[in-house]
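Consider the two complexes below, in which chain A is the common component and chain B and chain C are the respective partners.
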Partner chain A sequence: MPRIGLNKQVFLFLFPALILILIFVIYPILHTFYLSLVDLEGHFVGFKNYVKTVMRSEVLDIKRLKHFPKKSPPYGALIHNILWIVIHLPLTTFLGLFLAALLRGNIKGASIIKTIIFIGMIIPMVVSGIIIHFTFEKDTGVVNLFLSMLGVKPRSWLAYPETALYVLILSSVWLWTGFSMIVYSAGLEAIPKELYEAAEIDGASTFQKFRYITLPLLKPVTITVVTMTILWELKIFDYVYAATLGGPGGATNVLALQIYFDYFVTVPARPDLACSLAMILTFITLGIALWSLRSLRR
Partner chain B sequence: MSEEKKAGQTVGGKALVGLLVAVLVISIISVILAGLTLRAVKNVTKSTREVSSAVKDVASAITTVGKSIEAIGKSLEKLGAATGELREAISTLEKRVGELEKRVAAPPPAKPTITLIVVGPWAGKEMEAFLPVLREFEKRNPGIKVEYRIMRSEDLGKVLPAQFEAKTCIGDVIIMAWPWFVEKAAKEGHLLDLSDVVDSKDFLPGTCVVVGGKVYGAPVTGVLKPGFWYRKSVFAKHGLKPPKTYEEFKSLVAKLKEIYGPGKAIATGDGVGWPCSDITEHFLIYFGGKKLWDDLIAGKVDWTKDSRIRKAFTELASLLKAGYFSEPGDWTIRLKEWWEGKFGIYFMGSWIIGMVDKPEDLGVIPLPGIEAVTGGADLVFVPKYTKHPEEAKKLAAWIVSAEGQKIHAIHSGRVPTNVKVPVEALPPATRALVEAIKGKAILPDLDDTIGGKFQRVFWDQLKRFWVHPEEMEDVLAKIQEAYAETVGGKG
Partner chain C sequence: MFSSRARRIAVRVIIHIVAWTIALLWLTPVMGVIMASFRPMSEIIAGWWNLHKVTITLENFKEAWIAMRRGLLNSFIVALPSTIIPLICGALAAYAFSRFSFLLRDLLFLLIVSLMAIPPQTIGIPLFILMNKLRLVDNLLGLALFHSANGLSWVILFLRNYLETLPRDLEDAARVDGASDIYIFFHIVLPLLKPALYSIMVLQFTWVWNDFFFALILIYSPHKLLATQRLVWFKGEYHVPWGTLCAGSILLMAIPIILYAVFQKYFIKGIVGGTIRG
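So, the complex of A and B:
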């Protein structure tokens, strides 16, 4: 029996998975792309749907954005996702790195603390959204109990457009910090101890060691953490749905939720708007993924 | 004489003497015996006479016995006949036992138990009030089990379209509050025709979903959104009275603010946004009347320009700015807080009657002089994709029947929509509610009627309006945008 070449062997092993990807990933993407280029009657309109979907106020409220930050949200789902990245990304990344560095080595109770922090990753997002919904209630929420001790007047933080989005973003930090902490922990363990020993011999301070040894060697890990975090922030849906349903007044709306509203809630459905918005989101995430791959290769 | 002769003569004499003695003894014995015999004979004679009489008695007894025997004989004949019958019966019984033994050895296939799934919006106490309706159906229909699952209308509205496209459904009987959705599903051919089990004339006019002359949705018990609820005991304690004019209403809420504090005069519920929309609709009806309602449903108004709408919103904004309303909060938590005395009054639907422990303490204040209140009934329908169409239709018919609605109304405080339910059968609080809205028209809930994007945006923008009434113009603009898209058929 003739031997099958290596390439063919690889192909045969990958073939079942490729079929599944073709059916459940490639075909839906292509069909979504097709729907984004036609109107409700099926006529080809090119990229008009893309312009229409971005320029509506639910996605980009330019009038209101002009008065940022004087006027509170809603600014549009696209801006809300950008705010999510701008606030959430640095917080979770630095917090994760800080905790990983702090709990490195043989610290007593480190594994327990890491486990507690990681619980945020384990809890389903819908459950987290419901927890947040009630945690920030005026009379029954736990947060107001602590804030009132600091002299802050209690309020239903998620009922106000000016606070709802930021409350959601800040409270989602605990959901994702566990991920960055774990990844950084693994990265820190991979750094050879000899480098630190050599630096100590040369008289480097803790900060210098961190800046010139730890950070550069953690670059691949950081790229991974940043990429995954941005993708998570762009695709966020269930957490917002459960906590606020995008309200009040669209102040916490995000792109994935808007796609859902356009296709599944609006009657009749608007596949032209939903699919074009979905493709925009896909292109953005694809761009980030490609940048990440290029950075890692360097 | 010789010696021989002498000897012979002695012997002979002795023999004679002996003989005489013997004869004498025998004679004596004979006499004795004769005497004894004579006595015995006498006794015997006596006995004989006794025996004779006994025999006579016996004879008569025998005669009697004979007769009895005859009777017994006859009875025995009858018994024999009965025995014969009994034998036959035993034989039959033996045959039956034989059959039973065969059955026990190989039991016949049991009639399968069907399980029907009812999907409805009610949870907690509302669910507890509805379950007796289903349990009664199970009692009347052994062999059918009914399982209840919770899913709100908002979630059904998202899930069902995809399910219908896949020709499946999450339940056999669905209960939902959106008549527009039921009508749409009926037109698209996803629902079963209920006309053979439900007569639309049995219900309040306009409450059934009828498409092409066929009934596809029938109303369960209904709810009214009659106004602001208050506790009679609390009002009595503070010397407050239900207002008779709109000015009195404003004075009342000002007084309540003094008693309870800012933001506590009127409790505001929240969920997905319908509590705020219920209050807003009440104000719209107050300032716009039934004519505004007709115009809104027909798509004839502009929310940013219509003076009636602007008046209603302006008035509502002034009350919000004055701090009479609370922030929107989870409506079930608000209910508990209000009942416990943290708020003055609470605008809520009539289902509240079934959710408090003392419904007789409830009173309701519609805005004085309002000509109508909103109300509606959840609708029952049967998807075409049920695996048990006949049983599902039977269950749907039961739920909306007079008896089914009576059970539901008694437990929940909801208002029957089946006209055959007598008012006397309703609990006192429900009867009082019906009395309170006497003379007022019942209008369909606006966002449930229009539906689509309008409903979502209407709810969402009102949540924003509640905390920022100064943004009224932008709120109206957003509502108008969604309204124009929806009633224009574009969204």
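So, the complex of A and C:
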């Protein structure tokens, strides 16, 4: 039974949190929105900056993109983020579900395996970037040991635009699979055992049980995993910064990094380009988050 | 034909092999970093998996420690208040969202939760301008204040969901006895929230400890740099000192890994509970 609290009391409970959020989070967001609508002299220009910020080769390199995949990256940060989603999302989602299902059977040391897979979620993303750089470097990288067995010459995989982006994307599976595995594990555990027992009595096969019980009941979990994963892919920053700083020649540049460069590195700073790009990214992430909240409520 | 028993054993063996192969594959990069951190540069260049000649040395750790100890201390100075402040403020707010009904409550809650989706860079640019005005740029306390605010939306979501699962009988009984809301919050609700508060403590501490972006834009004096900044800084442009870098990586990730090892249950409950609605 929710109580109708006195306004004074409600205020007392909410005040410390709201004031902090208002000053340090909401006000900056609104300020970014404002800066995205004005030019460098402060004149209102509508959404002109939005077009300008997307239509440059750092963000969208249409000339190179026309020759995809014959021409190597850079295709522009926006395309790199999209590639990140296209490649990384299905891989981590399926692998996470696969591992969650696999480790539910009584496997010796299942909890140790889970912990190992989960390491990528615990350690700082800058460390992950450094570890991946180390692992794919010519002399120090163990990847070259494996590849030399297949007859591939050792090289620094992150130093070439043809491979750098794809190496970073594929390696980020190593980082994030722990998330989908853990969330799917919890989701699988929440399915009542009676459902499977009843299906067995009706003579259902393992595949049928998976197809008609597990999958439908995991739908809300899948929506959560997919949403959180896409947001992660769109916001990726530390990992790329530490591994390649967007290089070589912008081949691993991503939106978050481009926004940072536009305002904090480029001289003179370009708040118009940075803020409009940040707002575009915000509209996308916010849209995805609200869509997922709505589909979960249903 | 195989008997069904033989087939079952075969399946079990295959499942074990698959699971453990994936686990070992996952562990390999971390193994490499650990191996490299204890060996001199000449042996790292020859490949850490090369075991013909193994020299164990603590030189890398010595160097990394000297370069990073101040950064590690600074990270603690930031992460501690950044954990405690949102814990208290968030618990109060979550209680209001769960137990009171007031004008625009659900809309306000949705607004706060949706802040979790905002990219850090959208907040980062004007945050620098704002902190400059407040004279909080290059100030560890200023960074902690921001992290507190930034962590609140997640803390409020997680605690409100947790509160929704708790029975209210005790609170109602206390209210009948004439206890005030503040009294009920501190003496009845807060103790019941303990497991959820542990989850928040370990996760929020880890996230702030691991943060790089906000430190990067707000802190620049050499003696104030955080551990993550220090680590990235000595990566260098052309000559990467892999031994020191690996040792430094271990120093930096040791804290979250220890937290995870000790509080694993709360860690995972926090990750799952913050995403799946209770």
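Just so we're on the same page, the second predicted complex is superposed on the first by the 285 of 298 C-alpha atoms of A that agree within 3 Å, B and C clash if a C-alpha of one lies under 4 Å from a C-alpha of the other, contacts with A are read in each partner's own complex, and residues count from 1 in each chain.
We adopt the following convention: a contact is a pair of C-beta atoms (placed from the backbone, for glycine too) under 8 Å apart; a residue touches a chain by one contact, two chains touch by 3 or more.
Since this is a predicted model, take the numbers as computed values, not measurements.
When the two structures are aligned on the shared chain, A:F134 is found in touch with chain B and with chain C.
In the superposition on chain A, A:V45 makes contact with neither chain B nor chain C.
Of the two partner chains placed by the overlay, chain B and chain C both lie in contact with A:F264. Of the two partner chains placed by the overlay, only chain C lies in contact with A:K235; chain B stays clear of it. After overlaying the two complexes on the shared chain, residue contacts for A:I119 are found with chain C alone; chain B is out of touch. Residue contacts after overlaying the shared chain place A:P161 against chain B, while chain C stays out of touching range. With both structures placed on the common chain, the touch criterion links A:G247 to chain B but leaves chain C unconnected.
One of chain B and chain C touches more residues of chain A, and that partner is C. In the superposed model, A:L60 lies in contact with neither chain B nor chain C.
In the superposition on chain A, the residues of chain A touched by chain B in one structure and by chain C in the other are 134, 137, 139-140, 264. Interface residues of chain C facing chain A in the complex, by the touch rule stated above, are 15-16, 18-20, 22-23, 26-30, 32-33, 36, 44-49, 85-86, 88-90, 92-93, 95-96, 99-102, 110, 112-130, 145-146, 148-150, 152-153, 156, 168, 172, 181-182, 185, 206, 209-210, 212-213, 216-217, 228, 231-232, 235, 240, 242, 245-246, 249, 252-253, 256-257, 260, 264, 267-268, 271-272, 275-277.
Partner chain A is touched in their complex by these residues of chain B: 157-158, 161-162, 181, 184, 270, 272-273, 327-330, 333, 337, 342, 451-453, 456, 459-461, 463-468, 471, 475, 478, 481, 486, 489, 491.
Chain contact summary for the complex, chain A toward chain B: residues 57, 134, 137-140, 155-156, 159-161, 245-251, 261, 264-268, 270.
Of all residues in chain A, only 1-5, 7, 9-10, 12-14, 16-18, 20-21, 23-29, 31-32, 35, 99, 102-103, 105, 107-110, 112-113, 115-127, 130-135, 137, 139-140, 142, 145, 174, 179, 182-183, 186-187, 220-221, 224, 228, 231, 234-235, 237-238, 241-242, 255-256, 259-260, 263-264, 271, 274-275, 278-279, 281-282, 285-286, 288-290, 293, 296 touch chain C in the complex they form.
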